[in-house]
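Heads up, the next two complexes both have subunit A, just with different partners, subunit B and then subunit C.
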Partner chain A sequence: MTKTTIEAPIPGTFYRSPSPEEPVFKKEGDPVAIGDTLGLIEVMKSFTPVVAEAAGTLVAFHVENEDAVMAGQPLYDLEA
Partner chain B sequence: MADAAMFEVVKPGLATTVQDLGRPGYYHLGLPISGAMDRFALIAANRLVGNPDGAAGLEAVFLGPVLKFSADAVVAVTGATMPPKLDGAEQPLWTAFQIFAGQELSFGYLKAGARAYIAIAGGVDVPEVHGSRSTYALGGLGGFEGRALQSGDQVKIGAPTGPSKLGVTIPEDVRRAAPASGTLLRAMPGLYWHRITEESQGSFFEDTWTVAPEADRIGYRFKGGRALDFVPRKPPFGAGSDPSNIVDSCYPYGSIQVPGGTEPIVLHRDAVSGGGYFMVGTVISADMDLIGQLQPHQPVRFESIDMEGALAARREERARLDRLGEFIGA
Partner chain C sequence: MAMQKIFVANRGEIAVRILRAAKELGIATVQAVSAADETMLAARLADETAKIGPPHASKSYLNGDALIAAALETGCDAVHPGYGFLSENAAFAQKVEAAGMIFVGPKPETIARMGDKAVARREAQLAGVPTVPGSDGTVKDVAEAQAAAEAVGYPVMIKAAAGGGGRGIRITENAGELAALIPQASAEAKAAFGDGGLYLERFVRRARHVEVQVLGDGERAIHLYERECSLQRRRQKVWEEAPAACLSDAQREALCMSAVKLAERVNYRGAGTLEYLFDETTGEFFFIEMNTRIQVEHPVTEMVTGIDLVAWMIRIAGGEKLGLSQKDIRLRGHAVEARINAEDPSADFRPHPGTVSGLEVPGGMGVRFDTMLYPGYQVPPFYDSLLGKLIAHAETRVAAIARMARALGELKIEGLPTTVPLHLALTRADDVRRGTFHTNWLEAWLKGHPLAAERTEAGQSEAGKESR
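Up next, the complex of A and B:
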């Protein structure tokens, strides 16, 4: 098992769910497949999905919902 | 004859657009000036690759594109600290470097600033619209088909006109550093200054404002400071009922409108040219490039400046270009 830390591709505001009323895309312990959406980053009036480029198990999030994130900041850990 | 030199867009980045120094002269018709948000960075990149200052380059915001070149090219990347990579090998910023046909230009994560400028010897060859190759995406005009680049686009490169400065790096003291946390944006109180209370006139310049994530080429929105209170009045004929409404007026480049008195918006290169929101003042031209390099959530303050100070700041900006000229030629 190796743990990989996935970083934010762009700066903005991070969201863990598609809208405030809906459940989070992924929670700790969930399996992650390539192409799964793990969150959204809002910047310049658009929401860019954070899409998994590797499969594994989501171990931990490093950011909270609605946190300000910087490009390159650790977002989540994946174990594969 | 060989095919025209071009690059293919493998990945577009977030919103990568063709920009030159803009399209002045049509603002009275509602057509914004457009052009690079950080003009100094574009000029520096152009001079490194031997282009005229006003040649068209690419503006990449927050996330760099991946471009594959069909022909040899000399390229320079300036502005934001977003390290260029050639077939994966990191290249220096503010430096002219060689790309060979078939090589791929990509970018590492943004480390500082917001917008990187990519100049290519010969310039990006898209048709001029009203005297400029700049993209005005909101109006679907100029640039590459009036929009941001997309995967699969084939973009032509012009014929180089001057000798490039291959291998030359612009030293740090000639560059403009990325804006630090708490950067001061100098602004002149404007025609509608009297509309807010004395207390709000003070708080606007005292408070720390942070860049709202929706800030873009049209306007940079700020939040977090105290809301502005307006002096009571009977709305004049033609003005809306909100205290922040005015009779429609011209919006200068850099003007700071405050809809509802809550979140100031500094109008930038793709701004609308007029409307009915009160403007608290205008950011001086010398500080507009700096705004183009602000990231979301970055804290800033506004600082009051008079006309004499604004003109002195403009002379200092011109001296920055002179230093660039002394180093690399005009």
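Up next, the complex of A and C:
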């Protein structure tokens, strides 16, 4: 089992769910497939999905919902 | 009591604009800053800054309690809300007043009244201002719809009473088609919204967006002529002008006087804008809504009238009477404004924050650049993409567009893509030069005139646009 840390591709505000009323895209322990959406980053009022480029199990998030993130900042850990 | 110290509860270019006006009036300034804005130009220009919270607007510029606490803590006696954020929030205005400070804008009850579209429409009708013709409430069957459509005038839009966001709208030119569409539209509305109720509204195929600037002191109001903002993309204004080239002198007079009647009817205080839809084919104009704040595009009005709108807002809020009468307001020449956004026009206008590695600002006669930029500034990703507004003023519209093209050529913003190439292309477009456009013109034109990439390194991410 190797653990990989995935970084934020762009700066902005990070969201874990599609909207405040909805559940998170993925929670700790969930399986992740390539192409799965793990969150959204809001940049200047436009929303960009954070899409998995590798498969595995989500083990940890490094940011909270609505946190400001910088490009390259660790977002989540994936174990495969 | 004249104002002593003003709190700027906004950011970006409009915060800079407000600070400049306050300084010229001899008023001390405090700038609100979120954690992402400590290095912004307004923070550099203000006498003091006050931290109001984390980057996300909901925790800073939209957090009324944090703003009011910061204003009180720094000893301010007035709050200027700018545009967007809490500028049209009646509850915020109320809280500012309850805290013993001046809200630079209309009375809270005016904001609430004009912020309700149905109430504003009713007020307009009572002031004798034309509104978009429509059926009186819902139509119950085909016969009633046909009678209403006859009174409204074709083409008409069929809208679902329970709908919204443009869903399920149908447009028809005649009574026969209307009879066929009504049952369909009703069944669909019933399925989609659980309510089959329909109403009708006049459809204006080639609408132009014109808006009238007003200033009032709570008793008397004047207009400062109109602007045209028909060049829009996704309902966002891109390029604005003053005056509107599509109006005759008689139409201009009627339009602007209607705005004064409405502003006086609601005892309007401060700077405000009444938005209208203008049907060029019939020459009719219809009131749509009122914005009870300063607008992004206010500089074009300032250029053609020579009146400092932001200074007047502050003076009136400080208790001065409107020291201008209608005859003091004269139109001089023509002004155009280009909104310079941190967006990549070659990649579907994807927003693109970044660092301004180099900046050359245009100058010369009749050129004004209201901006938040300075060399080395890091444009944060948390707010809208407006970087500044380039304004060109000249004796005629043709000369103003030529001046805009010249100024755009001098403007160099390095380090991030901007909408400068879009505006350069617009200054060369025949329809723009002739002034023959409408609110749907720009999006159609962009499909036929894709803009080449300005910079190859910009906009590399696979960003998708979704609205939350």
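The criterion applied here is as follows: the second predicted complex is superposed on the first by the 80 of 80 C-alpha atoms of A that agree within 3 Å, B and C clash if a C-alpha of one lies under 4 Å from a C-alpha of the other, contacts with A are read in each partner's own complex, and residues count from 1 in each chain.
By definition in this document, a contact is a pair of C-beta atoms (placed from the backbone, for glycine too) under 8 Å apart; a residue touches a chain by one contact, two chains touch by 3 or more.
These figures come from a predicted structure and were not determined experimentally.
Of the two partner chains placed by the overlay, only subunit B lies in contact with A:E7; subunit C stays clear of it. Once chain A of one complex is fitted onto chain A of the other, the partner contacts of A:S19 are limited to subunit C, with no touch recorded for subunit B.
Of the two partner chains placed by the overlay, only subunit B lies in contact with A:G72; subunit C stays clear of it. Touching more residues of subunit A than its counterpart among subunit B and subunit C is C. In the superposed model, A:P49 makes contact with subunit C only, not with subunit B. Residues 9-13, 42-45, 48, 68 of subunit A lie at the contact with subunit B in one complex and at the contact with subunit C in the other.
Looking at the complex, you find that subunit A touches subunit B at residues 7, 9-13, 42-45, 48, 68, 70-72. Only residues 9-13, 15, 18-19, 40, 42-49, 51, 66, 68 of subunit A touch subunit C when the two sit together in their complex. Every residue of subunit B that touches subunit A in the complex is listed here, in rising order: 14-15, 61-63, 109-111, 213-216, 295-297. The touching residues of subunit C, counted against subunit A in their complex, run 35-36, 54-56, 58, 342-343, 350-353, 380-385, 461-468.
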